[in-house]
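Presented below is the structure to which this report refers.
Residue numbering begins at 1 within each chain, and the chains themselves are lettered A, B and C in the order written.
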Amino acid sequence: MSQLRALDLVRSYGRTPALRGVTLDVDEGEILAVTGPSGCGKSTLLHCLAGILRPDAGQVLWRGERLDTWSEAARSKLRRTEFGVLFQFGQLVAELTAAENVALPLLLAGTGRREARETAVTWLHRFGVAELADVRPGEMSGGQQQRCATARALVTSPRVLFADEPTGALDSLTGEEVLTTLVRVAREQRTSIVLVTHEPRIAAYADREVTLRDGTVDHTGLGLDAPLIGGDR
Amino acid sequence: MKPPALLRLALAGTRTDTARVLLTAFSAALAALAAFAALNVLAIPTPAATDENAGRWSEQYSHALLREPGLRGGTAFALVLLTIPVLALAGQCARLGAPARDRRLAAFRLAGATPGQVTRLAMVETGVASLLGTLTGLALYLVGRELLDRPDERGQLALPTDVLPHGGAFAAVVVGLPLVAGLSSALMLRPVITTPLGVTRRAARERGPGPWAGMLIVAGVAGFIVGWPVMLGRTVDGPYVGLALVLLIGGGLAAMFGIVTGTGWISYTTGRLLRRYARHPAALLAAGRLMSDPWAGSRAFAALLAAVTFGAGAAALRSYFVTQDRLMREESRVAGGEVGDNPFYLSTISLVDLAVAVALVIAATGLLVAVVEGIVARRRSYTALVAAGVPRGTLGWSIAWQAVLPAVPAVLLALTVGTVLGRAFFGDVVRGSSTYAVCEASEALCADPATREQYTRITESAALRAVPDVPLEQLALLGAGALAGVLATVGIGLLFLRSSTATEELRTT
Amino acid sequence: MPHVLLGLLATGDKHGYELKRAHDERLPQARPLAFGQVYATLNRLQRDGLVVPTGQERDGGPERTTYALTDDGRVALDRWLTEVEPPFPYVASTLLAKVAVALLVADVDRARACLAAQRQAHTARLRELTALKHAPSATLDDIVAVDFAIAHLDADLRWLQTTLSRVADWHREVWHEPATGS
């Protein structure tokens, strides 16, 4: 079932068009890769789908409702309860420890401090960085930071995870480890992933791939907007 | 490097850099204005003593601070003191966007620029901005001079607009201020100049500041308490005067410095308590920032706290004068006469209060710069948090918590120390016993020298001693004003939160 | 191939069938070895004095000869392991040849279609291998072998992607004329 849908999205930055009419569906539990060359509108599409950006025209439907018309407060709430976001780097709060960073979304949702910390440490353990619970991001390697960020993005068990080049700043082995855990956990809790990447190797983790070119879905047969092999493994 | 290339690279910055240049120019203009005003006061010529004017007063002015040569030095000194908060503001401005600029300069170093070239780049930026500001200050001063040259009905001037400082003094300020600004910016850039990688990674400070600032305050106050009686007990050229002066000035500075550094400890401790007991994420974020950089708070609050300490001292002084005035009137009532208020000292204190208010406003501006800088420097992580659904309100609260929580105890501390210093300085009001000749008869009899003698009686008034009240109302007003300033700056600073967390920031890395 | 057999014999004496099984196990994604090839290679190695038959064995089935590595064989294996493989000495690939010919005999669209179809196939295979790699049953042997294939497919896909963007320019250069088609 399609739970998130973009209909004919248009969005520009000043006079530069980033999206010129993109339509796509994200089904429940599916991993969708969005690929394409730099500047094709991948990140803008992700921001629109996640309700971070409002499209200039077109609709974003979350379980049939017009997400793009919601207030910023309502979209913020949706983002911290049903969605998770993961960027290339720089999303951890430098002044907080790893455990506090991961616990942040839980605290925002009103979870008690002790419970939030315990859950956060469990998640850090899942990503193999439990020993860093009381360490600040400045003292971690890039890979360790990204593991913490991934744990934070997943800690609320979101329905959809938006990942923008999540392994872009990592070496291939570290990137693979982060991505493998991410995909495994997402499959376990049936979280959908919208995975923006320009690397074929990373896109291969997805069940389905959509290629953007100049702000539109590439339908010229070069794109692969169809499941090539089943995502049920 | 050729000058055009130097200028191009020095001015290659973002909006933040433009803001820094403008603010640097602004504070340079303020400092120049204060300096010119002080020079102007000092340039007032002292007329030769005549029979009518034995005190060599400059009768063309309406205010005693300008009229009496003995008071002019103090007035000029007070004006120079006003540049302290201005300089604090300038220091705060220099930090605006500094991480980004340091990164840019480090990138120049990586691209092969020599340490000297990078230093010159930074100095050119600050120097040019300060020069423009100083020249603006000069223009404002010259224009203001013309506009304010308005003698009152008695032909007296409110401000010394009839004299002009020496040309050399002007030149010294116009050249000296930008030079000092440039040199200090070069000094602040040392980490970048030592290694181009110096700015990319900074180890976290694990230990917070110790409570040794408290010892500084105690030592400072003790110096004051010990120093003043020594000063009073000796004649001006007595053997301990030098020591007493050292104790007084050193004590005052130590107490002031102790308050400012104590804010680091207060910030850290507040952060630690907040981190332990806070339940809301906003408080947790604030706690994290307070603990990881407690000195940011003390830097930002330094000028504000100095002004508050000074203001509290002035309030104690006012209380002293009020008590003294009351005693004098009591005395004269005993002596039978009726002496009205002596408003001179009180009006002087009002001038001091005005200076404190101006200093508070300038200090609040510096605080605003610090708040905005804190937001702008963290915009990437803030934007990521907003993208992850953290409400901007939560971020706003964390910034407010972080500014206000340490400010409350710090301001209270500054008020207390200022009051104690003021009290130690002036002590109790003491009037020794004095004798009066009182004529107890009708006016006609007293006026006649022949009959006055027989009706005149000599009375002696008792020695009086009074303890000035603690000026609670004044102190409350001062503290409330300072905290209102903090709140106002946070409020204005939060306006920058929205633009700093726009989604476009996700695209800049 | 002969050196692989030498290497497998270095871990202990084996007969032909065992060698084939060991090979398929060690190199799981390689083309499976044919028996005939194993015996032909073993004969050649015996002739060169690198292996020697050590005995016959028959348990129920046909008679089997067990082979062991000689000292010369060990030296040969050692030399092979020390030698550096020449990195990519010739640019030769059926895929590259096909696309080049497509540009020569057909138009830009045809070349693009060829590249796009290839890209689709590569992507499908890449995904298959990624799934294989992360299957719970995957051994480290599997993962190392699959990594090799993934890295090459990834490189091919990047090349396909870049070439797709270059087809028009390339065609223009081949024909010295403005490109036709879109």
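Just so it is clear, contacts are C-beta pairs under 8 Å (C-beta built on N, C-alpha and C of every residue); 3 or more make two chains touch, one makes a residue touch a chain.
Just so it is clear, the model here is predicted, and its values are computed rather than measured.
S.K.: Starting at chain B, how many touch steps does it take at minimum to reach chain C?
M.R.: Minimum number of steps from chain B to chain C: 2.
S.K.: Using the mean of all protein Cα atoms as the middle point, what chain has its own Cα mean nearest that point?
M.R.: Minimum centroid-to-centroid distance belongs to A.
S.K.: Specify the chain most distant from chain A by Cα centroid.
M.R.: B
S.K.: Nearest whole angstrom, what separates the Cα centre of chain B from the Cα centre of chain C?
M.R.: Here the centre of chain C sits 77 Å away from the centre of chain B.
S.K.: So the centre of each chain is just the mean of its C-alpha atoms; given that, what is the distance between chain A and chain B in Å?
M.R.: Roughly 50 Å separates the two chain centres.
S.K.: Round to the nearest whole Å and give the separation of the Cα centres of chain A and chain C.
M.R.: Spacing between the chain centres: roughly 36 Å.
S.K.: Listing for chain C: what residues touch at least two other chains?
M.R.: none
S.K.: At least two other chains touched by the same residue of chain B: list those residues.
M.R.: none
S.K.: Which residues of chain B touch chain A once you look at their complex with the stated criterion?
M.R.: Contact set of chain B toward chain A: 201-204, 278-281, 284-285, 288-289, 291-293, 378, 380-381, 384-392, 394, 503-504, 506-507, 509.
S.K.: Taking the complex as given, what residues does chain A use to touch chain C?
M.R.: 37, 180, 183-184, 199-201, 203-206, 209, 220-222, 224, 228-229, 233
S.K.: Over in the complex, which chain A residues touch chain B? Could you list them?
M.R.: Against chain B, the touching part of chain A is residues 13, 43, 47, 50, 52-53, 72-73, 75-81, 83-85, 87-96, 100, 104-105, 107-108, 112-113, 136, 138-139, 152-153.
S.K.: Spell out the part of chain C that touches chain A in their complex, as residue ranges.
M.R.: These residues of chain C touch chain A: 112-113, 116, 119-120, 122-124, 126-131, 134-135, 150-151, 153-154, 157-158, 161, 164-165.
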